[in-house]
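In what comes next, subunit A is part of two complexes: it sits with subunit B in the first one and with subunit C in the second one.
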Partner chain A sequence: MNELLEILQDLHPEIDYDTHTQLVTGKVFDSFDIVTIIAEVNDTFDVTIPAEEIVEKNFDSAKALYALITRLMDED
Partner chain B sequence: MLFTSYLFIGFVLLTLLLYYSFPKRFQWMILLAASMVFYAYSGWSNLIYIAVTIVSTYFATIQIGKLQNKTEIYIKEHKQELSREERKAYKGTMKKKQRILMVTCLLFNLGILAVMKYTNFTIDNINKIAEMFQKGTISFFDIALPLGISFYTFQTMSYLIDVYRAKHPPENNIFRLALFTSFFPQIIQGPISRFEDLSQTLYGPHDRDRRQIMFGLQRILWGFFKKLVIADRLVIAVNSIINNTDSYDGIYVFLLMILYSIELYADFTGGIDITIGIAQMFGISVRENFERPYFSKSIVEFWRRWHITMGTWFKDYIFYPISVSQPMLKLSKNSRKVLGDALGKRVPVYFATFVTWFATGIWHGASWNFIVWGLLNCLVIIVSQEFTPFYEWFHKHFPYGNTTWYKAFQIMRTFLLMSAIRVLDCYRNVGLTFKMVGTIFTKWNLMDLLQTGWSSLGLTIADYILLFAAVLLVFAVSMLQRSGSVREKIERKGPFAAYMIFLLLFLCILVFGAYGTGYDSNQFIYNQF
Partner chain C sequence: MDRQNNVLEYLDHIVTVYPDKNAYIDEKEAYTFSRVYEEAGRLGTRLLKDGFYKEPIVVFMRKQSCTIAAFFGIVSAGCYYVPLDEELPEYRVELIFQTLNPRAVVCDASAAAVLEKINYQGKIYQYDEAVLTERDPVLLQNIRKKAIDTDAIYIVFTSGSTGIPKGVVACHRSVIDYIETLSDVLMVDENTVFGNQAPLYVDACLKELYPTIKFGATTYLIPKELFMLPLKLVEFLNEKKINTICWVVPALTFISGLGALEKEVPRYLRTVAFGSEVFPAKQFMIWQSKMPETRFINLYGPTEATGMSCFYEIKEEWKPDGVIPIGRPFPNTEIMLLTEDNRLAGDGEQGEICIRGTALTLGYYKAFEKTNEAFVQNPLNPNYPELIYRTGDIGTYNQEGELMFLSRKDYQIKHMGHRIELGEIEMVLNRMPGILQAVSLFDQEKKKIIVFYAGEVSKADAVLYCREKLPRYMVPNRIEQIEQMPLTLNGKIDRLALRELYKNKKGV
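The block that comes next holds the complex of A and B.
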C-alpha cells in the first residue's frame, strides 16, 4: 500500500488519500492521471490493469485501487 | 423525417397513443415498429445496412456469451483437478476465441461505416495525388450515407465490446437488440447510449405517468425554442458570412466564430432536448449529453461537458485501451529511459491522445477540415498539459485563481479558443479557414460592420433584438440549472404558473420561430455526422 501511496502522492501531493473516496467522481483524477497511475503500477507491481477495469469504483480511492491491484495479482 | 416537421410531431403523437393504449408487454415492440418506420422513411435500402449490423452483432455477442458460460462451467466443474496454470491457460484459450469473434464483428461493422463514409474521401485524395503526377482519376461512388450510421455503429460497437469484457450478458432477443440499435429519437444525432444504461428503461413496462409526459413535453418545447428561434435564425447570418468570403472577412470572421458557436449550441442541445424529451414521454431515460459546456474553464473541462456520450465513448474504447496496451506500457518504460521520468511517461499518453483526436475528427466527417479540427483540439490539450507547472507557479505567486473575474476570463478564453477551432467546420476547407481567420488580425473593418455590415447579413434589427433576448434566456436557464432541474423549480410554483410559462414558450416558438419566406426549417447540424 505504501508503494501505491507514493505513486499517488507524486501525482497530487495535496490530496489526503487515507480519507478521499471520490478521486474520479470528484474530478481529482483526469484520464491523463489514470493512465500515468496504470503505467506506474505496471512498473512497481508488475501487474497490468486492463482497460475494462478502468471504472470509477476502482479508482475512486487509494483503498479501492489497492484492492484492484491485489485482485489482479492473485489472478495472475 | 425532420424533428421539427409536422410529420414528425404527428408520428410521435401516434406512437405515443399506441404505446400507452396497448398492453404493456407490447410497448417495446411498438417502439421497435415505430423506429423501423422512422428509419425506412429515410430510404428502404438503409434498412439493409442497419439490419446487417444488428444481425452480425447479435450472432457475435451470443457466441461470445456462450464461450463465457462454457468457461465458467468448465472451471467450476474441474476446479479440483486443474492446477492454477492450467486454469489460466484454459481461460486464455477461451478468451482468445472470444477476441477473434469480437474483432471480426468489429472490423466488419467498422468496414461498412468506412466504405459508406470514407470511400469518396479516399478517392478524392487519390485523385489529387494522381493529378499531381498527371495520371488518370477514379470516378466517385454514388453512395448515400445511411441515416445515423456513425451513431448506431458506435452504439453497437460499445455493446459488443462490453459483452466481450463481460460487463453485461448478451441480449438473447434479436428484436430487443434491434430496438437498442435503432431507437428512433436518438438514432440520428445521439446521445450514444450504452446498453447497460438504456436497457434499464427501454423495454418497459411503463405506466402512463402524467408528470413524466409533461416534463418530456416541456423539454421538447425548450429544444424547439433553441432550434427554431435561435439556431434557424442565426444560420442565415452564419451562411451569409461563409458564402461571401470576398465581402466578409476580418471582423466578420470573428463574428462568425461567435455566431456559429451559439448556433451549434442551440442546434445540437436543442436536438438532444427533443430526443431526451421524447424518450421521457415514453418513460425511457436517455443519458444527458451536455452539462453547460460554455461555462467550462479549460478545453479539457469543455470536452467533459460537451457531447459527453461521444467523449466518454472515445475515452473508454479508444484512449484507455491504447494507453494501457502492452506496446504503450513498453513505450512508457523506454521513453522514460531516453527522455527522463517526467517527459518520458507522457509520451504514450500523448500518442493515445493523438490517435483519439484523429479518430474523433474523422468520425465527424470524411474531410480534412474535421481531421485538422480534431488535431487542433489534441494540440491545445497537450500544450495545456505541458503548461501545467507554469499554471501552478502562476497561481502560487498570483493567487487570483478563485476570483470571479479570473474565472470569467478562463470561461471566455475557453469559449473563444473552441470557437476559433470550430471555424474549420464553417468553411470546410483548411486553407481557406486559416486564411479567413488570419484576416481577423490583418483587416480592420469594425466600423464597416457597425455602420452597414450588420444589416447586410440577412437579419433585421428585430431579429438581432430577438436573438439577444433568446440567448439571454438560455443563459439565465443555464444559470438556474446549476442549482437543479429548472422544470422541477417551475413545478413547485404550482400548476397555473407552470402552464402559463410553457404556454408562453409555445407561443414564442409559434410567433418567433424562423419559418416562412426567407427561412427554411433546417436539418440539425449533427444529423450529417
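The block that comes next holds the complex of A and C.
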C-alpha cells in the first residue's frame, strides 16, 4: 500500500488519500493521472490493469485501487 | 448564402432548414437549432440595449450547450466573445482580466464566486436571466447591416513566455475561410455526428461548433470524466452513434494505450481527425488496424492562423518507423518554409513554417509589440504590405513533397493537447516567495513537465503553489529541488546539465 501511496502522492500531494473517496467522480484525477498511475502500477507491481477495470469504483479511492491491484496480482 | 461576411449567416440559414433538430447536446440538455438561434438573439438584444458594441465580452461558463449559444449571442451584438472556464485558476483569470478589462461578463452560477474574488467591477449577466429578454429583430438586423468580415469574433488566450497569456483575436473572414475548407476535408454533412473533446476556451472547438451550424449536423459535448474511463468513452461513442471526432492525440492514445480497443471498437466512426502533437506510430497502428474503413486525418496549425492550417490523410498502411506528415495546406492558405536568411527552403533543407493567407488572425489583443514579432512582412515581397505568421515550428519537406514537423525554435511544448510556454511556468514559480530560481524542462518521451528550483521551499509547497496559479495541464509532473542552478561558461542556465541531472535522477 505504501508504494501505491507514493505514486499517488507524487501526482497530488495536496490530497489526503486515507479519506478521499471521490478521486474520479470528484474530478481530482484527469486522464493524464490515470495513464500515469496505470504505467507506474505496471512498473512497480508488475500488473497490467485491463481496460474494463478502469472504472470509477476502482479508482475513486486509494483503498479501492489497492484492492484492485491485489486482486489482479492474485489472478496472475 | 453568397458573399457571406458573418458567421451568423450559417445559423440564420440552418434554423429555417432544421429548426427542431438537435445542434448541441451536453449531459443535461439538448439545444435545437431554433433554441440556439432564439437565445443567441435574446442575449444579443440584451447586450445591445445595455450599450455594449464592438468590445470583448467574457463568457465564463461551464462547458455546456448554452455556453455555445452565449458565443453566438455576443456575436449578434457585434461584440466578440472571450471564452473562459471554471477549470482556469483564479490567478490566470485575473491576468486575463487585466489585459482585457472587460465591461461585461456572461456567466453561470459556478463562475460568480470567482468574479467576486478577483474583485471584478463590471456588469455580470447570469445567462439564464439574460435570455429572458425579448428578442428585438430590428435592432439585431441594424447591427448586422453594419458588420464587416474583418470584425473580431473571438479572443482565445494561449500561454505566453513572459508569464502573461496572449489573447489571439480572430475575425469572421478567417473563421469562415477555415470552416469552409475544413468541412470539405472532413466531409461534413447534415448526417455528421461530432463528439467534441476540446474545451470551449481553445480554438480547437471551432471544428465542431461551426460546421454544426453550417450543415445542420449534431455535436455531443462529451462529459470530461469519460476521458478518465477509456472503455466507457468508446461505449459512449457507440451509444450516441458518433461518426466524426477531431481530438487531440493524447485523447486517442488514452483509448488505444490502455487497451480499450481490444474490448470494443467505435463502430460508427467514419472520420478521425487529430492534432496538437505527433501521433506515436505504434498507437496509430492500433487504431488503423481496428478500424480499417475509417478515414484518419492529421491536422496541424497554430491558433494564430485560425484553427488548423494543414492536413494529411493517412491512406497507406502505417509502419512502426513512420512519422505522420503535417501534409499540405488547406486551399487558400500557403505555407512558406523560410530558412534563417529568409529564403524558401530547398529540397531536404529545414526552415521555419510560416503561414500566408486569409487564415491569419488579427494579432494579439493589446500587445502590438508581440504581434509585430510574430506577424511580419513577407520577406519575399518587398513591394507592398503583406503579413505572414511565423509559427516558430521548424519543418522540412519529405521526398513526396509533404511537410514534416521537426522541432521548435523556442521553449514552447505540447502537453496533453495544450500549447505551453515553459517560460510561463518558470515565471510563475520565480514569483513564489522563497524560490531563487526555477527552470522548466520537458521530457518528450515520457511527456512530463519537469521543474528544477533552487530555494528554501518544500517540494509539496511548490506543487501546491503551481496548482493554485497555473491551469492544471501546466502543473509540473515532477519537481526537484537543487542547491544551485548549473551555469554555462557565459553565465546562462545550463539546461543540458539539468537534463543530465534529470536523466540520472530518473535512473535511466
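Criterion: the second predicted complex is superposed on the first by the 76 of 76 C-alpha atoms of A that agree within 3 Å, B and C clash if a C-alpha of one lies under 4 Å from a C-alpha of the other, contacts with A are read in each partner's own complex, and residues count from 1 in each chain.
Assume contacts are C-beta pairs under 8 Å (C-beta built on N, C-alpha and C of every residue); 3 or more make two chains touch, one makes a residue touch a chain.
Bear in mind that the values here come from a model prediction, so they are computed numbers and not experimental data.
One more residue to check, A:Phe59. First (subunit B), second (subunit C), both or neither?
In the superposed model, A:Phe59 contacts subunit C only, not subunit B.
Please indicate which partner A:Ile69 is in contact with in the superposed arrangement: first for subunit B, second for subunit C, both, or neither.
neither
Given the touch rule stated above, what does A:Leu4 touch, subunit B (first), subunit C (second), both, or neither?
After superposition on chain A, A:Leu4 lies in contact with neither partner.
Report the partner of subunit A that touches more of its residues: subunit B or subunit C.
Counting contacted residues of subunit A, the larger count belongs to C.
Once chain A of both complexes is superposed, is A:Phe32 in touch with subunit B (first), subunit C (second), both, or neither?
It touches subunit B and subunit C both.
Now for A:Asp43: first (subunit B), second (subunit C), both, or neither, which partner does it touch?
A:Asp43: touches subunit B, not subunit C.
Would you tell me the residues on subunit A in contact with subunit B in one complex that are also in contact with subunit C in the other?
On subunit A, the overlap between the subunit B and subunit C contacts is residues 27, 30-32, 34-36, 38, 48-52, 54.
Under the stated contact criterion, what part of subunit B meets subunit A in this complex?
165-167, 300, 304, 315-316, 319-321, 323-324, 326, 329, 332-333, 345-346, 348-349, 352, 385
For subunit C, which residues count as touching subunit A in their complex?
224-225, 227-232, 250-251, 254, 257-260, 262-263, 416, 459-460, 463-464, 467, 472-473, 477-478
Provide the residue numbers of subunit A that touch subunit C in the complex, in ascending order.
Listed in rising order, the residues are 10, 13-14, 24-25, 27, 29-36, 38, 48-52, 54-56, 59.
Touching subunit B in the complex: which residues of subunit A?
Checking each residue of subunit A against subunit B gives 27, 30-32, 34-36, 38-40, 42-43, 48-52, 54.
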